[in-house]
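First the structure, in the form of structure tokens, and then the observations on it.
Lettered A, B, C and D in written order, each chain numbered from 1.
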Amino acid sequence: MMIVMKQGATEEQVASVVERIEGAGCTAHVSKGELLTVIGAIGVEEDRIADLGLEGQEGVDQVVPILKPFKLASLQFKKGERTAVEVGGVPIGAGSFGLIAGPCTVENRDQMLDTARAVADGGATHLRGGAYKPRTSPYSFQGLGQEGLSLLAEAKAETGLPVVTELMDVRDLEPVVEVADMIQLGARNMQNYTLLSEVGKAGIPVLIKRGLSATLDELLMAAEYVLKEGNENVILCERGIRTYESGYRFTLDLLAIPALKEQTHLPVVVDPSHAAGRRDWVEPMSLAAAAAGADGVLVEVHNDPDSAVCDAAQQIPTSGFADYAERLKAAADLARSTPTHAGV
Amino acid sequence: MMIVMKQGATEEQVASVVERIEGAGCTAHVSKGELLTVIGAIGVEEDRIADLGLEGQEGVDQVVPILKPFKLASLQFKKGERTAVEVGGVPIGAGSFGLIAGPCTVENRDQMLDTARAVADGGATHLRGGAYKPRTSPYSFQGLGQEGLSLLAEAKAETGLPVVTELMDVRDLEPVVEVADMIQLGARNMQNYTLLSEVGKAGIPVLIKRGLSATLDELLMAAEYVLKEGNENVILCERGIRTYESGYRFTLDLLAIPALKEQTHLPVVVDPSHAAGRRDWVEPMSLAAAAAGADGVLVEVHNDPDSAVCDAAQQIPTSGFADYAERLKAAADLARSTPTHAGV
Amino acid sequence: MMIVMKQGATEEQVASVVERIEGAGCTAHVSKGELLTVIGAIGVEEDRIADLGLEGQEGVDQVVPILKPFKLASLQFKKGERTAVEVGGVPIGAGSFGLIAGPCTVENRDQMLDTARAVADGGATHLRGGAYKPRTSPYSFQGLGQEGLSLLAEAKAETGLPVVTELMDVRDLEPVVEVADMIQLGARNMQNYTLLSEVGKAGIPVLIKRGLSATLDELLMAAEYVLKEGNENVILCERGIRTYESGYRFTLDLLAIPALKEQTHLPVVVDPSHAAGRRDWVEPMSLAAAAAGADGVLVEVHNDPDSAVCDAAQQIPTSGFADYAERLKAAADLARSTPTHAGV
Amino acid sequence: MMIVMKQGATEEQVASVVERIEGAGCTAHVSKGELLTVIGAIGVEEDRIADLGLEGQEGVDQVVPILKPFKLASLQFKKGERTAVEVGGVPIGAGSFGLIAGPCTVENRDQMLDTARAVADGGATHLRGGAYKPRTSPYSFQGLGQEGLSLLAEAKAETGLPVVTELMDVRDLEPVVEVADMIQLGARNMQNYTLLSEVGKAGIPVLIKRGLSATLDELLMAAEYVLKEGNENVILCERGIRTYESGYRFTLDLLAIPALKEQTHLPVVVDPSHAAGRRDWVEPMSLAAAAAGADGVLVEVHNDPDSAVCDAAQQIPTSGFADYAERLKAAADLARSTPTHAGV
């Protein structure tokens, strides 16, 4: 932490800051420049300094964090080695590209099994499908619940694809863990600390979607909540952020891929469906994500999108899935051929 | 819902949209203009049309919602009459200005009781204090929990002020309800549907903070989750939104006050502390909120801010609280004297 | 400037950064902590270090600016003394509250003179009106131009109010300066460096509107372009920023008032009309701005808003102007009575 | 335009809206639903209705634009045919991928010629380089001006590459046109209507960068200012938008590619350099842009980036340029192989 004093800050004001830093059990290094004084508090638990609220103190201009707040999620923690998360025996990350495909929501047996077979044949590595759905409106369809989980189990048994499904309520953890190979935490639950901790304790792989207005640091801190419980199987997912642009549902932020991979050893995948909100924009964004170096894509696919009970506009049809998967693979290969890929 | 067709959309494309609307049990009114065709689907459950995903259909340019998605929260539902929420016997809204004051976190007996006495003497209408704290970092102080609740109960007994405190984990609902006169749901939990529903069922007054990037409609839909369970005691709270500006922690959005009050009968209060992030900016923003027509202010006050365990920079000291409260009252009176006040 | 090295940065990488700093004629202070190394370059022209692009260098984690990039606009430059800008002999700032009122656009003689008389009688300190209008669409009305300037001159002669009007094209500088007591630079021209420099050279007072997504630092740097030419008569204007919220045209950012006043000696006024976009929301935002400590308000007023050629929805009628002005004065007085006011 | 009345709007309020629409020379179609009334004004100049400010009228809930405000820029105007802009004889758009490469700023003869030769050899289609530089600070290097233009002319003569350079001040139009094959208008000048009109009149190809917080509609309206003067040679450029995320300089918004191409016949290129702000993130974003269907890339390349006078961190070195260009071509080919490409 660097505490930058205002120009003209007095000796007393500097001394008072030093005293508070030392009072928190840290060491303060005062560095007086021609124009202003900077006080360093390196090598300490930054959280304790952050909690001092020195921004509010007389004579203080700004408080600049130097160390990143996450530890277990950091690339340094793994000494630069990347993590591959094994999801139902199939790895994602560290060179393995994951293609997690399936319907937004489990609707019924035919829809789920038809779609599952099609994505399995077309090259998906994992199957997705929602049994519990977070909905903005209390009047919207909230998912099939336990029945949806059973249909996912059946689709998994038939296709052999590991299953990814969302958990919303901590009280549903047990039945979900029984079926899921990876739990998905939605964007609106990225900072639901109860869920993060409990899923951390459960030890199952977790895919955490970036919150609608979460910074990369906040996403990594959400991962830290899981990692702290001893669960190392975390995958991060960029899914579009909220900006002023209303031409699409969210602004897909692909710079997050290299920026996250510089900071963390965890795999980074992209959900192109929710940002696009329209099926003809899903493939351009999928190829872009793979070309930018993503470790995988989480995409909504439906055997009859026009009759889907939710997110109908953005689910791509199973009919074109195999061709889509092939082009996606080509884009991922292209990314792997770049000199920066190892570094990202 | 209005479905606007693209220029040059074919008869077949129009017919296909009409068919899907009618298939959802609604009526479609086709209106052909010189340049383009608009299909209306008024007077139906818009959710069902929204779920059709018509944006993705051939020939469709845009889908424009006409009816608001919230019902029980709307001003029309109460025929224009404003709601006063009784919190521990003291009303907020419909002309009653609430001043909810107290520390960010319950730290210890002295801090809690000293602060409570000071805000009670200074003119606060309700007491706030956190026993469970949502923290970005798993390594930060997470609140005193049950012990904090006991200290809140003691402060309430001594001062007579009704208590407002945060609930984070649905499994803590029972002990929190025992002490709290109003439950606070934090910005990061605004779309935690589990919490919203359970608090709705509990029947206790709820203060819902606007999410960091929530639209006003989404805030009202969060309220709808509570109202739908038969709990009418909901207060909305603007607390700053996330924007590109990094000069402060959040951008306090005071236009939300008149804009929300045009749509809803529920009271609207403002938390100036978290957006400002600095104690000298709390009063200007408090006065601004009151002058803009807010029904109350939720403000962090501490008997010794410099030693606070969290949010130290933004808590105002108890020493100046009575004067602050007096000026705040003057600003609220000024708002009440405007011709638009009845309307807002 | 602080250059924070990555954990594990090598001696060579540190030396290379030091070399580049010294190559730019500056001094580097290396400070090695337990976990990482920080290199300070205090007391130099930060622009030259910023241009080095050290963020891109091997081993560098981040580059943190310490000194603010503006000099003449800073509060320190005036040793903490606030500037009052004399506009046509009437001061704004340093305790003098400006109420700049008038129509969005000069439309015709009757409209301009009627409105001017009404705002003069109602308590305005200055008259506003646009002769040149920046319009998003090339097909929209672009203003009366020279004829509009003549009508402004006539209104000024009759009412005695100093005139504020917008300049868009540097080639119109001469005729505009002939009539205007203060030139307004619109939000979309905040970083039009040609206009800023030329208006700086002209020596006339300038009101600079904050760009739609300009940071406070960028606004102050725009002012610096004018100040650098020897023109000290600059007023800053908050007018709403662009955010994700679509419930209003812009999000009025009132925290900008205390935050700017902490940094600069220049007066800060607020335009509530463009953010609100609706006349019934203009008064709540005006009172909020004044209560938050603004040095003035720039408000659109029209003698017959419903027939206005542009911005009809947001212009307030002359009929209620005097009452509005009185309440605004009360809000400004309230702000002046706060202990933080002197500091803000 | 659709005017949606509030629930409970009176007959008089509806009649008053109809009257104002008809007073503006348009036709109003009233459509009464079960819950509310919608008034359509299709087939008219929407600008005139927009200027009425009906949002401010009693009983009006919202005003929804139906027709897009741009005409000449629309895909319909060209009946779905895409435009290739010839820049110095080399087309960009409609299947031709442009690779516009060169230094941020022209610094000196060696730097300019070395870089130009390298990008010409490496596969660039056009040469970029700034002689006039818009800088946030008046104290920063502002470009070589006329001398820079001469060096660009020399580089063009030697390599045969057409030249793209920025125009900032309308008074420099003549000398710039003499050298440039395409004029670049910067993000901060996207709504500088003086520049747009004059460049439109000059007839030279124009590349318009999207403003930092410009919507796609606003970008298309900026193009419309140029097109309206009879100049059809406009290229649009996505370069990153301003969001809350501070992990990079701007958030590159690649969804803008398919979204713009759905609306307009004009080519869409991407500048990956300014958003990334770091050279190792430039290639991932370049490949992503090409894979998403961009018509070209505008990239900063320098023969010795570490010694660049500005934007040093983000310029990629000439040494790796040929390999970069080859992978970029592969990504563009991949995009062309998708079924949506023709449509986008």
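As a working rule, a residue touches a chain if its C-beta (ideal position, glycine included) is under 8 Å from a C-beta of that chain, and two chains touch if they have at least 3 such contacts.
On a predicted model such as this, the values are computed, not experimentally measured, just so you know.
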> Counting C-beta pairs in contact, does A-D beat A-C or the other way around?
Replying inline: A-D
>> Can you work out the whole-Å distance between the CA centroids of chain A and chain B?
In response: 26
>> I'd like the Å distance between the centres of chain A and chain D, where a centre is the mean of that chain's Cα atoms.
In response: 31
> Using mean CA coordinates as chain centres, what's the chain A-chain C distance in Å?
Replying inline: 38
> What are the residue numbers in chain A that touch two or more other chains?
Replying inline: 213, 242-244, 246, 280
>> Edges wherever two chains touch, nodes for the chains themselves; is that graph a line, a ring, a star, complete, or other here?
In response: complete
>> Taking the touch rule as given, give the residues of chain D at its contact with chain A in the complex, in rising order.
In response: 213, 215-217, 241, 243-248, 251-259, 275-276, 280-281, 283-285, 287-293, 320, 323, 327, 330-331, 334-335, 337-340, 343-344
> What part of chain A is in contact with chain B in the complex they form?
Replying inline: 20, 45, 47, 51-57, 69, 134-141, 168-171, 188-189, 191-194, 197, 211-213, 218, 221, 224-225, 228, 242, 277-280, 305-306, 308-315
> Which bits of chain C are touching chain A when the two form their complex?
Replying inline: 2, 4, 7-8, 29, 31, 33-36, 38, 40, 42-43, 64, 66-67, 76, 213, 242-244, 246
